[in-house]
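Chain naming follows the written order as A, B, C and D, and within any one chain the residues start at number 1.
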Amino acid sequence: MINKTVKNATEAVADIPSNSMLMMGGFGLTGIPENCISALLERDISGLTIVSNNAGVDDFGIGLLLKKRMVKKMISSYVGENAEFERQLLNGELEVDLIPQGTLAERVRAGGAGIPAFFTPAGVGTEVAEGKEIREFDGKMYLLENWLKADFSIVKAWKGDTAGNLIFKGTARNFNPMMAAAGKICIAEVEELVEAGQLNPNEIHTPGIYVQRIFQGKNYEKRIEQRTVSK
Amino acid sequence: MLTKDQIAQRIAKEVKNGQYINLGIGIPTLVANYIPNELEVVLQSENGLLGIGPFPTEDQIDPDLINAGKQTVTMAKGSALFNSAESFAMIRGGHVHLTILGAMEVSENGDIANWKIPGKMVKGMGGAMDLVASADNIIVAMQHCSRSGESKLLPECSLPITGIRCVKKIVTDLAVLEVSEDGGFILKERAPGVSVEEIKSKTAGKLIVQGDVPEMIFE
Amino acid sequence: MINKTVKNATEAVADIPSNSMLMMGGFGLTGIPENCISALLERDISGLTIVSNNAGVDDFGIGLLLKKRMVKKMISSYVGENAEFERQLLNGELEVDLIPQGTLAERVRAGGAGIPAFFTPAGVGTEVAEGKEIREFDGKMYLLENWLKADFSIVKAWKGDTAGNLIFKGTARNFNPMMAAAGKICIAEVEELVEAGQLNPNEIHTPGIYVQRIFQGKNYEKRIEQRTVSK
Amino acid sequence: MLTKDQIAQRIAKEVKNGQYINLGIGIPTLVANYIPNELEVVLQSENGLLGIGPFPTEDQIDPDLINAGKQTVTMAKGSALFNSAESFAMIRGGHVHLTILGAMEVSENGDIANWKIPGKMVKGMGGAMDLVASADNIIVAMQHCSRSGESKLLPECSLPITGIRCVKKIVTDLAVLEVSEDGGFILKERAPGVSVEEIKSKTAGKLIVQGDVPEMIFE
């Protein structure tokens, strides 16, 4: 098997240039590539466009990249938890492209799957449909959406092997598998990296073909946004 | 006038055995507390979980297991995990039977507005546009009027809309209403002690009153 | 959890009417719903349209349904292993719609996922493209393909639980997961049926939401088409 | 003239370290036998396996594990299983680097015909149309002439085509040829003992001969 291992996050993100298009897995703060975000903060780059369902919080996740003014544009479905984000947006320092969550997931999937466009009902009759082709199928209206691809996709998995195969845990899976496939270069950070052959081929969520670089991350904080417990 | 919990309790009566259900953030989340135990239903969370269980105890908390509102959750027996594309495939493909969500406005032809207020910071539509464009049965849980006292049941939505002609039923603090296929809100039930006249005065859209309108019953 | 269990194959297929549209999982003879095919043979129905990547062999799989003249039309990507099939086709007793395998897989996926149409490069410039809309994206030509849905989809899994969750084994997975989602009613036969809660939620290939009926099959023959061994 | 095994052996020299490769039925399958051990490559089977291993021993045979030619196979270390939609997502999305497949005809602009002969029973295209429409690098393995002696390298395909402008290289029993971007077959290598004149006489399409054409070397 092809060995995709790199030493650490620093090496993994070393060649990401300014103004590149990135995808980052995660929903809220769950399943985000914490190590790569930290390593990116050490890079002297800016003008990034980031596709991510959310934009982190002020002091964690993508919020840290925003604070360092590394981000030119966010492509997301919901960005509500971040005061610095709001400030930059209202000052015109940041662009945002808001996309329905299912459309975002499917556009990213389409990017990885070689499907340049597809029809979806989400957004018909709303401002999301402005400028888009509308067509009727079986009596219902749909709009045409294009694929999304990235220069680099950065994902976080639970387990991975040196061949790049990934297994996610719980709802930390979310956008990660589709993004892995939609990046020209996919960087995967995992909590536990094992040799090729150690993972059950039947339990793999992301086949190694999509992953170009993999490393075992460390010190995962896994911050919780809404700690909710039963009485 | 109903409390938020009572709105949730009334909506729970709409739930049928064997349904897969997506509950939005806010009052809809409370609906889960009132679904009768004898009903077998499955709650879907659009971030990739089918079979949401109760909130965890302190011991059970897992940061890798949250619902679409980013709250920590547990998994019910027989649940399944999947990615976001699969999750919205389920929703878009009509496999989720019932969607319950909040709204800022509903129009008399079933349009819903719940994602954007011009002039305010726009946080995004999340999964709401996919949900309302896809589900066959959509129930809205909301207050009948805004905090400033204006009706949220309108001839046409004034806010940017989330989806067209999709809402089937609305449960507010004052009433249960169905959206008529020909347009208009059919008044089905009144909150205890609330008169038809009061509901009429607080409904800006066309209100259809057919015969005697019963009071809601809470067991 | 919602209990989807039915007694056996006979009960599972009892209400499939003549002239209905079926999907059947499997690639070659691997992962085909053997028990349901046997039960269908006992039914007095005909005029079926069957979406299946292949059409079985003369004395096994969908070949048995063909021999009993229950099939009006096959929608497949490859149908080469079946003399009776060839005879009926040349006599005009059977219709066949041949579709590129990836397009077939994606059309079925689209059917389950609520996507009425999508663009794919497969078949551009060939007779598959006849009558279809062609469009250029990023300098490459693509054609528009529609979703495929069925009245009933019949799938075969390795393990399943009473809530309808499925796990497949090896390459017996193939078309089964997409078909499960694309049938109005999905019937799943499994080698081992367990109680809800017995399967690891992280290892499930087909979430139970797609499955309406499930039962534990028996006497799986799992015939091999090309027994090939190392010296 | 090369044997089928020698054609496979020659094609194996095109394989580069780190590639994901889809091998068609027939001669392409034989290529796996000649890929040098020091190269790390992964073979994809479009029915849902990444990492095809050797054929099984009698003890290892598993009817639930076959390749796209329906042959029993094993899994290599580090392999992954997936469904058919994911498999063709890989192919269509350009993640498979190299596709090697057989052909009935190739035209001088890279069109390929390999699925249908008018008047004969049509078995179907299987995954061939997806593969040729998607891969960046497509190598065809075939005999230079048909059994009746007619050239299979043509100005235009006479049979219904499988894909347009997709073939990059052709290895036949007589020669290695590249498809020129401007149209025509560039003769790169001759089979041992086969003359340029023989190849020219057996190539109906435009043959481009640039300088001395070396013989293939087999170690």
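Note that contacts are C-beta pairs under 8 Å (C-beta built on N, C-alpha and C of every residue); 3 or more make two chains touch, one makes a residue touch a chain.
Protein names from UniProt, one per chain: A, C = 3-oxoacid CoA-transferase/3-oxoacid CoA-transferase subunit A; B, D = 3-oxoacid CoA-transferase/3-oxoacid CoA-transferase subunit B.
The structure presented is a predicted model; accordingly, all values stated were derived computationally and were not measured.
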Seminar exercise, completed: Greatest centre-to-centre gap (Cα means) from subunit A is with chain D
For this session: Could you tell me which pair, C-D or A-D, is linked by more C-beta pairs in contact?
Result: C-D
Exercise. Once you find the CA centre of subunit B and the CA centre of subunit D, what distance in Å lies between them?
Worked result: 55
Exercise. When the centre of a chain is set as the mean of its C-alpha atoms, what distance in Å lies between subunit A and subunit D?
Worked result: 36
Problem set entry | Distance between chain centroids, defined by C-alpha means - subunit A, subunit B (Å) | 29
For this session: Pull out every residue in subunit B that's touching 2 or more other chains.
Result: 49, 81-82, 88-89, 91-92, 134
Seminar exercise, completed: Listed in rising order, subunit A residues that touch 2 or more other chains are 106, 109, 113-115, 120-121, 168-170, 202
Seminar exercise, completed: Pairwise touch list, complete, is A-B, A-C, A-D, B-C, C-D
Exercise. Considering the complex alone, what residue numbers of subunit B touch subunit C?
Worked result: 17-18, 20, 40-42, 44, 49-51, 75-82, 86, 88-96, 134
Exercise. Along subunit A, where are the residues that touch subunit C in the complex?
Worked result: 106, 110, 113-121, 135, 137-138, 140, 142, 146, 167-170, 202-203
Problem set entry | Sites on subunit B touched by subunit A in the complex | 45-49, 54-58, 61-73, 81-85, 87-89, 91-92, 111, 121-130, 133-134, 160-165
For this session: Mind listing the subunit A positions that touch subunit B in their complex?
Result: 27-31, 53, 76-80, 86, 89-90, 96, 98, 100-106, 108-109, 120-128, 158, 168-178, 205, 222-230
Problem set entry | Residue numbers on subunit C that touch subunit B, as the complex places them | 1-3, 109, 111-115, 161-163, 165, 181, 196-197, 199, 201-202, 204, 207-210
